[in-house]
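A single structure is presented below for examination.
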Amino acid sequence: MLTSTPFPKSFASDNHAGVHPAVLTAILEANAGDALPYGGDAWTTAMQDVFRTEFGAHATAHPMFNGTGANVVGLGLVLRAYDAVLCPVTAHINTNECGAAERVLGAKLVTLPTGDGKISVDDLRGQLSVLGDEHHSQPRVVSISQVTECGTCYTADEIAELAEFAHAHNLFLHMDGARLANAAAELGCSLRSLTTDAGVDLLSFGGTKNGAMGAEALVVLRPELNAAAPFLRKQGMQLASKMRFVSAQLTALLTGELWRENAAHANAMAHRLAQGIADLSGVSLRYPVQSNAVFPALPEKAIAELQQRYLFHVWDAAENVVRWVTAFDTTPEHVDTFVADIRLAVQDAVGS
Amino acid sequence: MLTSTPFPKSFASDNHAGVHPAVLTAILEANAGDALPYGGDAWTTAMQDVFRTEFGAHATAHPMFNGTGANVVGLGLVLRAYDAVLCPVTAHINTNECGAAERVLGAKLVTLPTGDGKISVDDLRGQLSVLGDEHHSQPRVVSISQVTECGTCYTADEIAELAEFAHAHNLFLHMDGARLANAAAELGCSLRSLTTDAGVDLLSFGGTKNGAMGAEALVVLRPELNAAAPFLRKQGMQLASKMRFVSAQLTALLTGELWRENAAHANAMAHRLAQGIADLSGVSLRYPVQSNAVFPALPEKAIAELQQRYLFHVWDAAENVVRWVTAFDTTPEHVDTFVADIRLAVQDAVGS
Amino acid sequence: MLTSTPFPKSFASDNHAGVHPAVLTAILEANAGDALPYGGDAWTTAMQDVFRTEFGAHATAHPMFNGTGANVVGLGLVLRAYDAVLCPVTAHINTNECGAAERVLGAKLVTLPTGDGKISVDDLRGQLSVLGDEHHSQPRVVSISQVTECGTCYTADEIAELAEFAHAHNLFLHMDGARLANAAAELGCSLRSLTTDAGVDLLSFGGTKNGAMGAEALVVLRPELNAAAPFLRKQGMQLASKMRFVSAQLTALLTGELWRENAAHANAMAHRLAQGIADLSGVSLRYPVQSNAVFPALPEKAIAELQQRYLFHVWDAAENVVRWVTAFDTTPEHVDTFVADIRLAVQDAVGS
Amino acid sequence: MLTSTPFPKSFASDNHAGVHPAVLTAILEANAGDALPYGGDAWTTAMQDVFRTEFGAHATAHPMFNGTGANVVGLGLVLRAYDAVLCPVTAHINTNECGAAERVLGAKLVTLPTGDGKISVDDLRGQLSVLGDEHHSQPRVVSISQVTECGTCYTADEIAELAEFAHAHNLFLHMDGARLANAAAELGCSLRSLTTDAGVDLLSFGGTKNGAMGAEALVVLRPELNAAAPFLRKQGMQLASKMRFVSAQLTALLTGELWRENAAHANAMAHRLAQGIADLSGVSLRYPVQSNAVFPALPEKAIAELQQRYLFHVWDAAENVVRWVTAFDTTPEHVDTFVADIRLAVQDAVGS
């Protein structure tokens, strides 16, 4: 018999979790005989409607298989052959997509130093002196992650400031929103306030880490950028023939704000986890907890001991920082058991 | 309420169909709590096992989201920067993938004329004079489709002859097997006899048209070509984070030869359809029926009338050739009703 | 001591010839102390002026190192990521540039059959049905060679007809003019009448085969296409730092119609050569002589014998067709001696 | 009449200079009738010989049009589709080639911080943890510049240490040697000691800044890497048809160590310039002078005044650092006049 991971509950990533029941139900309901392929089906039409409701009448959503696909196709809508993306050095497109942007788009990524995964207008300013000079890749789009790879969030105002600066210099603003739901849940605001209303032009919207089986979307928030999307999606190997089964997942998450429920719960579990270790001597947080991830520095010995029974990643080996991620299906009991074991391991390590 | 296509049963493509119940069940069963992502799960391990059983101990299967992804990643395993793919001009990689091979791989496709979608050693020979000459893209891999885009099949011997020739000239043989199941069902042979045993090096194995929700696989049949596959899959935006849900689909199709059952049924429906119109004057078949597709030339007026009530594509507008495709869930009643309507439409057109 | 080819005079290609004295003089004169690099120099300004005089006030010339560079950068000005080039299968970009267009531009080349290297509107029409369909690379530009790789010429009217058709369907017209000078000399018309006035949008203008040391130019004939050219040229590794030495060559050829003198002479030599064998039994011309190349079919034995003493290429081994090319420095004596030897070789072969 | 730059002598770049007389003579001598194209000529054979003499019997030189071409083709010899280049953030391939490596090779550049343009083994070590992980571009080659973009030089030992580390981790070492001659002249050693003997695998050898008209070379120092070079050079639009005129330039520079004479002179002029301002208060050098460039910080007002009469670039506007470059034809008088004017401008600015 097939078995899942033997560990009690993974804290390694929110993609270790399975599928939310409502998403599964939506998939089952979509299996209703024939349907037009490639998005010509009723489920994809319905998906467009819920995205428009959420992001505004000018939004167009293109289901994608994964986040790398959404990022690459989205950036491809604005990049000319000789253009560069300005992004924090921590950006997923820079560190975790095996060079897809460079290979598929031929794009240069100009990486900006960052302390907590976020960048500001000041980080961008110095990159614009090359505009118009044929010797240099031309900055064309700013890409930020919300939430960042460090688990931190931009406020709506911070995003708006970046967008305003970008637009003032004829740049576009792209958001890698693999965990946008977690940001909106944390900030207690709408998805729209962090994207459309803040001036984001292109959004990679993440469903998979929020309870989908495998469903992301490129959301084009400026209609004039949309024309090439179908071609780039097909060429980018992201066009699902039986698209209804992807669209149905996205609709399920966006219906009745299931996305918020899932994200808020995951965030709450991360805060519970952080609080559970807040008083522990020998433990400090690298970044503030602003979503469903906790990045504590621990005694090296405690890390080793905990990894024998729990799944999680070391984030910075030199500094003994680890990453703990919670998911829509992480329970308070999972957290409390983990906290108890962490406390023992840390105290053991510190005491020794 | 969401509705599917209003047409009785689509004859446009086998990707208009939904998901086979056994595949859905497998997906549901895979939703069993946490699992390692990116293929580190038990379902992907099981999937590897069934592929090895089917294709031999040296086969390695890499789940992909769609056929274009499988083709591009597979060809990428053997193509150097300056290489060319030799393929029939009808090849899906040439005509229906929006230039993905050129864009993502930078590859040149050298297209060979073909009458029925198949090529032979004679078609290849003339392309080899450029080998070693820096002015020319270097032929590196031969790509064939089984079944072809014309619904025809290569025999195992024909494939072996191509493989032998290719290998003798240091070329590889790639097979786009989006409908390989239909070929094996038609020829009454194993998948292995048409691939591993015939000398195929790289296979794109299709599940989606055979009843899956969305699951293809690149099957690497020569172990020494496999090392780069994980990187090219990730970079090619084909790496599923919750891979178990893709793997489970493939396992379902390969268990108990469900693939053969589905394909044989679809093929039988195509033959039933072809037989139903065999005696019609004014109708002739462009290609022999060797899988689940029928390509008849019809009176133009009959095409117009039938398209008002049935979904199917015109294949060659100049010659009034259409394409009818059957699926795992096409019933004899679907076919018989369609045949009756075709007969009326044709007789009407011929008589007028 | 260094020696050149031991053969009397090469008939293999016009790039076997050296540099015209006027071009060398221009290079020497450009070596006058410091100058701004990358085209900021006076010689490049002067070059722009002569190109404007020749091609019209809206023309902008960009010196390039070789023809492949000019073709790739020029096509890059109009191709989006998912676009295709429509060109005859004989096109240099298809057959002799080692896949540069596919690799550097990611472009698909859709190749059209041709008898004599030329294509017509009828050849293009069938390729437009895919426009707007995301599954297919989108035809974006038609590329023709003038003179063609078969030595034939389009008339100004034929070019205008192609341009009109292209523009009517939102396509661009690119001309690979590696031997445009030879066409204009043969047709007794201006360079402009075959390009700007005929509706050509992008021109690769060849200098090297016309007596330059190494100098081609991309000539952008539609100003609105020009903005990206500096970036694509730099990225395409075609930006000369000491550009004055390339520009000076082009200016030399375009001053006082030296280009026409050189081309007319080369053409005259080809006609002299063709006439010299016109009455020979056992010899026939594959294509009409319309420039500086002759493509005769010869007895196989004669080919073998002639290649022992003369440099030339076999064009079609199956049909025993060879290619003879004359240059600006081919003399009547070179031709007459060659003709005499051909006659002997052929008579010997036929007689035997 | 055509005029060169109106400024007395440019200190902006060594590519503002013209061509050394010996190089011009070599070009003229190569214009001796017909020759085989694409390197099949006697001058290219001779060029190979002088490179072998200089770099060792296993070296193969491929003439290229410019440095970007040499860098891209060279790196292309070792990069697989999913590979990364490790280089200092100041690298010319990163900052000044308009993204050619990303576009043409699809490569990711992983940029390392640097104070003076140089990197060390310690900078590389932290980048290797991603080896073998499909989510990350795989470090494959280390690229260094000699001299660096900051005018500094690696010692032979420093290069050897980088090479040893690279090879120990299955990486290659590439050197952008646009000014390698200046380094060897400065260090008083052979070209070979800084390349072949130090473990460099691939070298971009610069001729243009050393007195050539336009001639660089990719020098492959490991024979097993050489096979693909002809194809990548052609595809990379770097194959000269009349190659003899490029090869002859390189031979001229490598004959009798003309390269060293030119470089040593340029270096001496830079040192003379630096010494001339060494005692000036308000002036400090950003980097040590180790080649033909000087990077002083000056009072802003002095920069403005000097730029009215002299050509040079501002290197760091925020810190008022400028770059002065000398060439093979910079005279002591040029320098002394410049120094006198600098002194006046600085004293004027400081005094005010």
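General remarks:
Letters A, B, C and D name the chains as they come in the text, with residue numbers starting at 1 for each one.
Just so we're on the same page, a residue touches a chain if its C-beta (ideal position, glycine included) is under 8 Å from a C-beta of that chain, and two chains touch if they have at least 3 such contacts.
A quick map from chain label to UniProt name: A, B, C, D = Low specificity L-threonine aldolase.
Keep in mind the model is a prediction, meaning the values are calculated, not measured.
For the pair chain B and chain D, chains touching both partners: A, C. Taking each chain's centre as the mean of its C-alpha atoms, the one that lies farthest from the centre of chain C is A.
Simply put, of C-D and A-C, more C-beta pairs touch at C-D.
Averaging Cα coordinates per chain places chain B and chain C 42 Å apart. Chain C and chain D, compared by their mean Cα positions, are separated by 34 Å.
Here the CA centre of chain A is 51 Å from the CA centre of chain C. Annotation for chain B: residues 81-82, 97-99, 103-104, 106, 134-135, 231, 234-235, 239 touch two or more other chains.
On the chain C side of its complex with chain B, the touching residues are 81-84, 95-99, 102-104, 106-109, 111, 129, 134-137, 317.
Within the complex formed with chain A, the chain B residues making contact are 2-5, 7, 9-10, 13, 15-19, 24, 27-37, 41-43, 46, 65-66, 68-69, 72, 97-100, 103-104, 208-209, 213-214, 231, 234-242, 245-246, 311, 329.
Taken in their complex, chain C has these residues touching chain A: 38, 76, 80-82, 105-106, 134-135, 138, 228, 230-235, 239.
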